[in-house]
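Each of the next two complexes has chain A plus one more chain, namely chain B in the first and chain C in the second.
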Partner chain A sequence: MRNLLTASIAVLILTACEREDREYRANPVTAETEEKIALSPLSGGPSPPVERRSGIGQGYEENAFHVAQGKKLYVWFNCNGCHANGGGGSGPPLMDDRWTYGGQIENIVQTIREGRPNGMPSFRGKIPDDQIWQIAAYVRSMGRNVRKDVAPGRNDDMHPAPAEQRRPPGEVIDGGQISPSAQMPQ
Partner chain B sequence: MNRVTLFLLSLPLAGCQGWQSTLDAHGPAARTLADMFWIFTAVLATVWVLTMGALLLALRKRRVAGADPLATNPATERRMTIVISTAIGLTFVTVLALTGISYGGQRALYSHKDGALTLLVTGRQWWWQITYEDPQTNRIFTTANEIHIPVGEPVLIKLESADVIHSFWIPNLTGKMDAITGRQNQVQIQADRPGVYRGQCAEFCGLQHAHMGMLVIAEPKEDFERWRNNQISAAKPPADPERQRGMEIFLSKPCVMCHQIRGTDAGGKIAPDLTHVGSRRYIAAGTLETTRGNIAAWIVDPHGIKPGVTMPTIQLEPDEVQPLASYLEGLK
Partner chain C sequence: MGGARLAATLAALMFVQLSSSIQAQTPPASQPAAPPFASAPDDGQWTIPQKNFASTRYSDLSEINTENVKSLQVAFTFSTGVNRGQESAPLVVGSTMYVLSPYPNILYALDLTQPGAPMKWQYNPKPAAAAQGVACCDVVNRGPAYSNGRIFFTTLDAHVVAVNAETGEEVWKTKLGDINRGETMTMAPLVAKGKVFVGISGGEYGVRGWIHALNEADGQSAWKAYNTGPDQDVKIGPDFKPFYDSEKGKDLGVTTWPADAWQQGGGTVWGWLSYDPDLNLLYHGTGNPGPWNANQRPGDNKWTAGIFARDPDTGDARWFYQTAPHDIHDWDTVNEMILLDMEWEGRPRKVMVHPGRTGFVYVIDRTTGEVLSAKPFHALTAVTGFDLKTARMQINPEKEPVNNRVIRDICPTAPGAKDWNPSAFSHKTGLLYIPHMNMCMDWQSSEANYIAGTPYVGAEVRMFPGPGGHMGEFSAWDIREGKELWTIKERFPLWSGALATAGDVVFYGTMDGWFKALHARTGEELWKFKTSSGIIGQPTTYRGPDGKQYVAILSGVGGWAGAIVSGDLDPRDATAALGFVNAMRELKDVTTKGGSLYVFKLP
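Let's look at the complex of A and B:
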């Protein structure tokens, strides 16, 4: 009975490790996965467009290590040059809910691989495929589309101002006007 | 048996010789530290021997059995008072003297002399980025993991970190100084004799902390200037067809996203600058000697050599490895 209890506790602890499980080598060396996505619901003929998704993306989206790597690579490969920190600039924002070319991870991966009209360059052959998946997983996390315990925290330098206890002492000014809410009869 | 004991005794001493040893000082800062080490060792060893001697003496001079413990002899009492007061006084003097020596040593370590050369060293997971500063902007250049300095000149090193806390340590030349994100620390190194000194990150910084080494090469002024002028220049385009093919492969692969080779289109700034990688003695932060075979091995399987390293495994055809390694080796 006691052994059973110990074993079940050990199993419970181990399940937590999957959240940031990692492989040092992408094994085998990542060739491009075959993703077939439809950019529009229209297709020639009576049947809707055929899509094929490899399903590999889930492993990236549900893993804190991959998402955090994606966050690092997002800056290293200058994604923030156009998309800023997700708010958009010369490129569209990534943290809102509008996805011109689809918001599933395979769509984002294809967008990075192939490039898109009006400025998004193709990174095929420039970024190893597993890193493209990592970046896509991070982009998903910007729009709150990955699990909460997997998403990386926001950088300190993204806060609009230092926290109150880190700022110089404020001034105390006596007087001033009574605010309208205080003038109202209670 | 005796031989085994001798061998075991020689093991700790072997650490005190030459390559990466604090006790083999080759510069003023390291000498201050080594001197302090020896003074402390000598003083504390003396204190230990004296204390142990007094203890042994007390054990041998046993009280006469059956004597009344309350009976005292005024002459003995007086003598004991003098001995104990002297011992207390000596303890104070020793502690104060050692504190004074330590304070003097710190002052010597943190005083900076004006030097002609200033380097910006940035710790990164898991390598060192080194920028030689110069008032003439076209003479500023960046390299990695190998610092050359002229002999006998103080060199100021500004330390920064790009990710986590690292610590800069050249045991033969200077003590440790942390590289901390968001701030700049300074340390000065000076080598009295030409030589090759190994340095090491001394603050645990992640998976490959142990393989985050660097070399400091101290050489005469003329040699240093020749080296610096070569490093400032851009990489020469290769002449033979194999290396030309290697260059084409380098420029068409993901290498260019992170690495820079001045004189080509490769302009990445987040991995070691490879403009003169062939001239450096080691690749992968002091891990492998720079040979064509090691470069090829590193490109094909970086995670087999340094698990967890930032360099990704990229797709290469078998016949692309040789020209690529050959090209990089030729970047002297």
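Let's look at the complex of A and C:
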């Protein structure tokens, strides 16, 4: 019994460590993590698209510290100016289930770094790599596509919507929105 | 013999009718009237969104009147092919109609001589898609303008184009802004005296606002005036004679700001221009100062949120009046400026009437810039009154934003008592018809970071309906008395323009898709038609090649108020679309995206 208790506590502590884990040496602005990801589930040939994820993304989105940092940086880099608190404005909403350019954290990192043709600016060389991952991890939490205990609690200031933590678990529908340019005649 | 008698009787009857209608044409002497340059006999066309340089948006056509308007029916429709907010005004020149879509800003010419008005040609300026990312409030365009055989318009990626009105061929195209600095263009140009006057949008992106005059012939720059910074840039010189002392001094566009803040200070020009050919003055408003968070820019923030009168030939400023010194609530001064003549305290005055975002209808002497009257047309909590001596609003200190604190129940809201959607002035009734809002908001300021090409706002907002629970109002306004004669309440904010006609019928549209005709004198609803999407466009009217009167409107919801539908926004976030979504959640239940022209006529 005692052994079982010790084991449980050890597991809890270890999980908690992972939740709170943080790195103190950030990558320089120019460094880029390289993930092999596809923007489409469709591939030429019978096998699915070739992808290789290093797992670094999981490390960010399962870590409350990174998600909390991401929430702060989301405002500092003016993401909220276009996407509001997830409901969108001039940019598309981030708290819903539709992901024009892919909803996995690796897709979101790529979207922030490279920009997208219908108005998403490129932040390559403007935001350090680890901070892009933190912002992407926070963006994943807006639709509650991260663990409940990792998602942020309620704001101290204006409450635009229920806290990320209190939203129901989300789902991701890739390529769910036709971009305005795709609707363009001619 | 009997036939002759009948003819005589008919002639007599017609004479009686004619003389009574002539009598009715003249508004009571005490009412304001359109100036002579806007009172020429109507040619049945609609060549610029404002209808005339005085911006009255009134047509002399009277075939459609209060008796028969109930029989209006659809003559033809046309899809613009773009499902974003349709704020543009359909123009008619000769026997061709011109329709301009939102981004990607496609210009269509429709042949009115053929059944169903088939397309003659289309012109696509192919603007940069990335411009959509720096357009604050949907990717709208407020219309083209016709002059001397050409159609002129702005594109979202800050180009101005001139297109041959007959053939659709591009005559010239001039790039005026850089989307990497957040500069876009959404306004309708004004063409006068051989120049095309245009301004820049981007007050939510720290753009330093300006107005630019291009030569109508070749698109080359004639002059450019900034609305912040040193006097030289603003084109303030010896001829600048503002009425009020607060507008006098050297380089106020620098000294009324913290160091260098004027460089990202806003004061953009995206609204309506008017022009007085007799005084040779061009009138334009200036947008909100940037960022919205006013605590980052102590001072009056000249020359934002005010009205300039400029010499159209040189750009030199003649007078300026700031409606919102040190604006704290995003109250751009971009709304329409209607030029009228009226007697004021026993003296004939040339005035400008401006229903402002601040919640006041201003009557301003357009020769001098003196404010003659400012009367509220919206519930006010942010403002306690108006001091006519200094022409300044009295701000309620309790509603002034404080960083990181939510200030509640501020009325009117960030889009103001009334936004860009223009009023109409009936030359016949002498009344102003104002489509406006009835809304309040909560506001929290926070420190904004300036990053070029991204928003520069620093405020969280959520809006909600004002007193009474409805959000839109269509009001008939007595300019002299400064009061409403009647008001129609609407569930959603009014984001469509108004049209007044000599048939004593006024038209406007609602965000849930109704196109309505009211009795100009009583406000009685005479007719309505449900279009396929919400209406935020500008109604126009014209005489077709068949001699009959037509009324045209674009349907297709969007704009700042309708972004929840046109941009597929998430209604769970109260602050989405800069806080408009909080008030507009139900819009998703009543309308969907669209982009269609509707044209109506009598059977």
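The definition used in the following text is that the second predicted complex is superposed on the first by the 130 of 186 C-alpha atoms of A that agree within 3 Å, B and C clash if a C-alpha of one lies under 4 Å from a C-alpha of the other, contacts with A are read in each partner's own complex, and residues count from 1 in each chain.
Basically, a contact is a pair of C-beta atoms (placed from the backbone, for glycine too) under 8 Å apart; a residue touches a chain by one contact, two chains touch by 3 or more.
Remember, predicted model here, so these are calculated numbers, not experimental data.
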Practice task
For A:130, select first, second, both or neither according to whether it touches chain B, chain C, the two together, or no partner.
Solution key: first
Exercise for the section: Determine, under the contact definition given at the top, whether A:31 touches first (chain B), second (chain C), both, or neither. Expected result: first
Practice task
Mind telling me which of the two, chain B or chain C, contacts the most residues of chain A?
Solution key: C
Exercise for the section: With the two complexes superposed on chain A, say which partner A:121 touches: chain B (first), chain C (second), both, or neither. Expected result: second
Practice task
Could you tell me if A:77 is touching chain B, chain C, both of them or neither one (first, second, both, neither)?
Solution key: both
Practice task
Answer with first, second, both or neither: which of chain B and chain C does A:103 touch in the superposed model?
Solution key: neither
Practice task
Would you mind listing the overlap between the chain B footprint and the chain C footprint on chain A?
Solution key: 76-77, 126
Exercise for the section: Sort out for me which residues of chain B touch chain A in the complex. Expected result: 252-254, 256-258, 270, 301, 303-304, 307-308, 312-315
Problem - chain A residues within the chain C interface of the complex - result: 75-78, 81-82, 84-93, 95-96, 98, 115, 117-121, 126, 157-162, 177, 180-181, 183-186
Problem - Of all residues in chain C, those that touch chain A in their complex - result: 81-84, 103-104, 106, 122, 124, 129-139, 204, 404-406, 442, 444, 446, 448-449, 451, 453-457, 460, 462, 563, 567-578, 581
Problem - Of all residues in chain A, those that touch chain B in their complex - result: 24-26, 29-31, 76-77, 125-128, 130-131
